[in-house]
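Here come two complexes built around chain A, the first alongside chain B, the second alongside chain C.
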Partner chain A sequence: MRTVSFLWGGGTLLLFAMFILGLASGSSDLRFTELIDLLRHRLGYGPPLSEELLNKDLILWSIRLPRVLMAALSGAGLSLVGAAIQALVRNPMADPWLLGVSSGASLGAVLVLVSGLSLFGGLSLQIFAFFGASLASGLIYFFSRRSQIFSSTRLIFSGLAISFCLEALTQVVIFTAARKGEVQNVMFWTMGSLGSVESSDLLVPSLALLAGFSFLFRSRTKLNIACLSELKAFSLGLDLQRFRRNVFLVSAALTAVLVSVTGSIGFVGLMVPHVLRLLLGNDYRLLIPGCLLGGASFMIAADALARSFFSPQEIPIGIITALLGSPIFLWLMRSSNE
Partner chain B sequence: MQGLRLFFFYLIFSSLRAEAAASRPLVYESCGEKEEISEHPKRAISIDTNTTEIMLALGLSSSLVGIAGIDDHSSLLPELSKDLAHVRLLKGPYPNLESLIALRPDFVFAGWQYGFSEGSGLTPARLRKFGVATYSLNESCIRVRSRPPIGFDDIYTDIRTIGRIFRVEARAEALIADYEKRTEALRSKVQAMALKSRRIFVYDSGEASPFTAGKYGIPTAMIEALGSKNIFDDLATNWTGVSWEDIFRRQPEFIIIVDYGAKSAEQKRAFLAKKFKDSGIPAIDKGRFLVLPYAAMTPGVRTIESTEKLFEALSRAFPEHVNG
Partner chain C sequence: MNDDFALQVEDLGVSLRGKALLADLSFDVRPGEWLGIVGPNGSGKSTLLQALVGFLKPKQGSIRIEGQRLDQLSALQRARIMAYIQQEASPMPGFRVSSFLELAFHPLEGVYDQGVWQEECAALCKEFQLENRQSSPLAELSGGERQRVLLVQSLLQKPKILLLDELTNHLDIYFQLEIMKKLQALPLTKVTVLHDLNLAARYCDRILSLQVGRNSGWGKPSEVLTEENLYRLYGVHCEVTRVGDSVSQIRWA
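And then the complex of A and B:
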């Protein structure tokens, strides 16, 4: 149990450090002392701000803060889902996109954009992306069950098949769209981007992450059991079918919410859990809090780099997550004893 | 926090509205949306070479605080870019929201895919929340809504609207009058010479697949003003990717190369010549090319001049149809 409190403490510290780093980096200069001034000002004490600092204040709270928070939410959420799905299908190659949410969300978003539909005002894109994602997961769920038995292999294959099918449909819509110009507007969806995140986008993902995390945290021992053989799970009294269904539904819903805001940011859901496995072992009692804090920290750092490498341009965050994550993973894998 | 921010925005908006009621607000249209500003902007940012040149031609360099562009800044017309010492040159192609807000702008002149795009977070709606007014290039509106066919009127509307926004209407009208006179002169020349309709291909860039101008791109207006035909005028967008097979099928008689980006115009031309060697495409067999820079092939102050150049080039390329 001491390991757990150590993990919580260390992880929280890391997350806090990354949070500050995320707020301090970007295309316009913000010195650390200025950041402290702005924080103090926001808390109600500290000197009145100069015109230049007022502008930085605006940038900090209206552009960077929502972004850093969303990076944390999606990093944490995708890592958690990745870890959960890996237990669900008992396959280390599984990642959140296995649930079809990414391709489903893209299809929903593309349909809104090319049809010019704006039923729900500015939110329609996110709402349709969410519907698309849920539809895709629903289909995969339907195909991976037969006579009430939930099969891991069938889940993996139906996930792949439906993702490919929906991606192809998205391409069909793009190529036959009357207004082809929308295509570029949609491209970011497939690469993932935090660029358009505003503070009003944060509420739903926060609630989804809170719900998803508390479910997975409560299920942490069950996740350990689910990784064992079916027979052992049965002998330990776990209703594996029911449990897998619940993990699937919670994971799909959380990923759908995240992807509807940021598009599909690759790599995080696959790699963060593995890096943590190398560091902490395969125990979900450690992995679940680890994914929450580690995933959030990793994504904030990746986004900070995406914003400052080629400033004032931004590189798609998926490129950074892969560029940063792969070497870390390979290095850890080589230095581990397994 | 959320509630507080909303309240804050409410305060800003309501104070803006009160001020607007005091002076007379200026209402203009940008991609079909009504925009309202209470006074003319003093800290403007322009996000592409052609939009920047429109502002400079209207004598608005002192209103600019920053410019960006897909092209290098050195590609701005030298006669227009003399007094830009005070202007921040943002590294291209297109900047992000934060680097714009850091310049404390009150106005941004850009266009959809000319700087504005969903996903990057740089959209008129998002800028509005920071109290920044925007105007989107008319040609680019096809990216967000359906619109009537393209014409030089689209550029006139851009110039006229920017003129109104910055209270330099007279200068705007003078420019437009000049352009109208010159297009009229071109039209009568084309008629007098009975210039035959030619199939023209606009090669923007791309080797895996070519990028070109469609029905709603300003090149189509230029080509049609001379009685010719853009071979891709059936594509309902302004700029888009097509396939090499289509070029072969549509047999262009003349090619315009847009000069910008990593590949030089000479490289682009050599690439096309090699790709379609012995293919029987008239433009390539006869070497009928015209090179025009990016800012001359996007809507702006060089459009009419480019059309004149295209006219000259067509007359030279097809001498049998030019009388005397």
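And then the complex of A and C:
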């Protein structure tokens, strides 16, 4: 299919361009030629680096590269999950927030930040966030089922109820916190941040994205069928109950891993798939690769802006994704024929 | 159990939330035969088709397709034998005609050659005058074109049994007759819900009439489409004209 090849080609080019932009942006600007010099030096055949470039070398490889990679992983993952959940509930307005993962992870992370728990050493925050996310999605899954039947309407309502409840609990923890100094960190985390990402954080999200993408890419025709009525999906041979359960579990696990590293970054999972729907149509054979490449590109760009807008100060990326995404979203929606 | 039947229904009962929708239904359909299901609104015609496709689970009785119990077949196995078109065109969100038709290949993956399938897809689109509509969004199609797309999709599933719920609803008289003629020429077993009794009389080999979920007549059109039975079903008098053993026209009084 020619469109798919164009999509892969164009999307990869866009991602590459955003990757360069992401590496070059920030409080310490890197010119493109400097990037090339640093890359050549790293590969072992460039001129010796000046003292200024040595500093930039450290920034590039230790701080900026892991951050840009994590932005790409999280943008791609959240967009893929958003698109998958939209098929799951047959509603284009659904997003990963419905899985309860963001609110569950926030509660777990906030508990660690506020109480100073260090049960798992430096990884306490991520591990508690992951537990919180898993617990929340487990509860939502439990309430979405009735007599062994997984209902998308129940998913929407239990997702809303449990997410609101966990967010309220998070607020209770914040307001009763003894360690008031942590409130700033908490706020930053609940709005999402890539500021503390290190190279060692990348392995698990990379594997989770690889597994999630492989599953969704293999299921792209089934995702298309799942958008039809239950009866039509059934008559086309899709066991919708089982498929929905699998999509739910894969989506919840991928989101939990991502959110436990970056905090809760909103709007991406809703906006990227929807913008791609307006550009490419609702065919998941295009949407899945589109979300992988488009989501990653968008998040890298949003993170670059989060670092550059008020440089050297950084603003939470969730604010940028909403500020940048909303106008694009509204403009595309208005110019669309549907 | 009898392998000579494409469909065999015995003592079928279907309930939803404690309410009986179908009860004590028994009938069979031979391979290649066309069974028409008629009856007033709410008599259980669509419910019966949904039970036949396996979507609604029987509370009692059994359904066999090609000698096998329906409840022992997986969704994929069922889809390789039966294709179904539902009464209300299902929501078809944002697909183009070609992408929508390609969904019919899902049950055939791994068991049917995709190249051959694509050639058949092109031929069917031409036959049903959809060849210039392949890249059109489904939302832009007329009601009649949409019905034809649904029919082509179900044929592309390569079924042996075709279950159709009021397919001719949105079609003008030309396409109604066109589609009925094409269906008649297909060497498939067909079970169709029909509101137009003249079409049912003209094309179906046998008729099952339903009243409040129960069998009120099953047999040749001339045996079921009688003045008495139709009055019992619809509460309206009619005049049935017969030529030999077949019904040629039904005129409502």
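Keep this in mind: the second predicted complex is superposed on the first by the 338 of 338 C-alpha atoms of A that agree within 3 Å, B and C clash if a C-alpha of one lies under 4 Å from a C-alpha of the other, contacts with A are read in each partner's own complex, and residues count from 1 in each chain.
To be clear about the criterion, a residue touches a chain if its C-beta (ideal position, glycine included) is under 8 Å from a C-beta of that chain, and two chains touch if they have at least 3 such contacts.
Since the model is a prediction, treat every value here as computed from it, not as a measurement.
**Q** Fit or clash for chain B plus chain C once both are placed on chain A?
**A** Aligned through their shared chain, the two binders fit side by side on chain A.
**Q** Of the partners chain B and chain C, which touch A:L323 in the superposed model: first, second, both, neither?
**A** Once the two structures are laid over each other on A, A:L323 reaches no partner at all.
**Q** Can A:L238 be said to touch chain B (first), chain C (second), both, or neither?
**A** In the superposed model, A:L238 contacts chain C only, not chain B.
**Q** Is A:L332 touching the first partner chain B, the second partner chain C, both, or neither of them?
**A** neither
**Q** Scan A:R307 for contacts with chain B and chain C and give back first, second, both or neither.
**A** After superposition on chain A, A:R307 lies in contact with chain B alone.
**Q** First (chain B), second (chain C), both or neither: which does A:V197 touch?
**A** first
**Q** Tell me which partner touches more residues of chain A in the superposed arrangement, chain B or chain C.
**A** B
**Q** Between chain B and chain C, what minimal C-alpha to C-alpha distance in angstrom results from the superposition?
**A** Shortest inter-chain C-alpha distance (chain B to chain C): 41 Å.
**Q** What residues on chain A does chain C touch that chain B touches too?
**A** Common to the two interfaces on chain A: nothing.
**Q** Touching residues of chain B toward chain A in the complex: what are they?
**A** So the residues of chain B touching chain A come out as 1-2, 5, 90-99, 101-102, 104, 112-113, 117-123, 125-126, 129-130, 142-146, 214, 235-240.
**Q** Which of the residues in chain A come into contact with chain B in the complex?
**A** Within the complex, chain A contacts chain B at residues 26-28, 51, 55-56, 58-59, 61-64, 113, 116, 122, 125, 178-189, 193, 195-200, 203, 263, 307, 311-314.
**Q** Residues of chain A touching chain C in their complex?
**A** Residue list for chain A touching chain C: 90, 92, 221-222, 224-225, 227-232, 234-239, 277, 281-283, 285, 338.
**Q** Which of the residues in chain C end up touching chain A in this complex?
**A** Those in contact with chain A are residues 50, 53-55, 74-76, 78-80, 82-84, 86, 90-96, 99, 102-107, 137, 139, 157.
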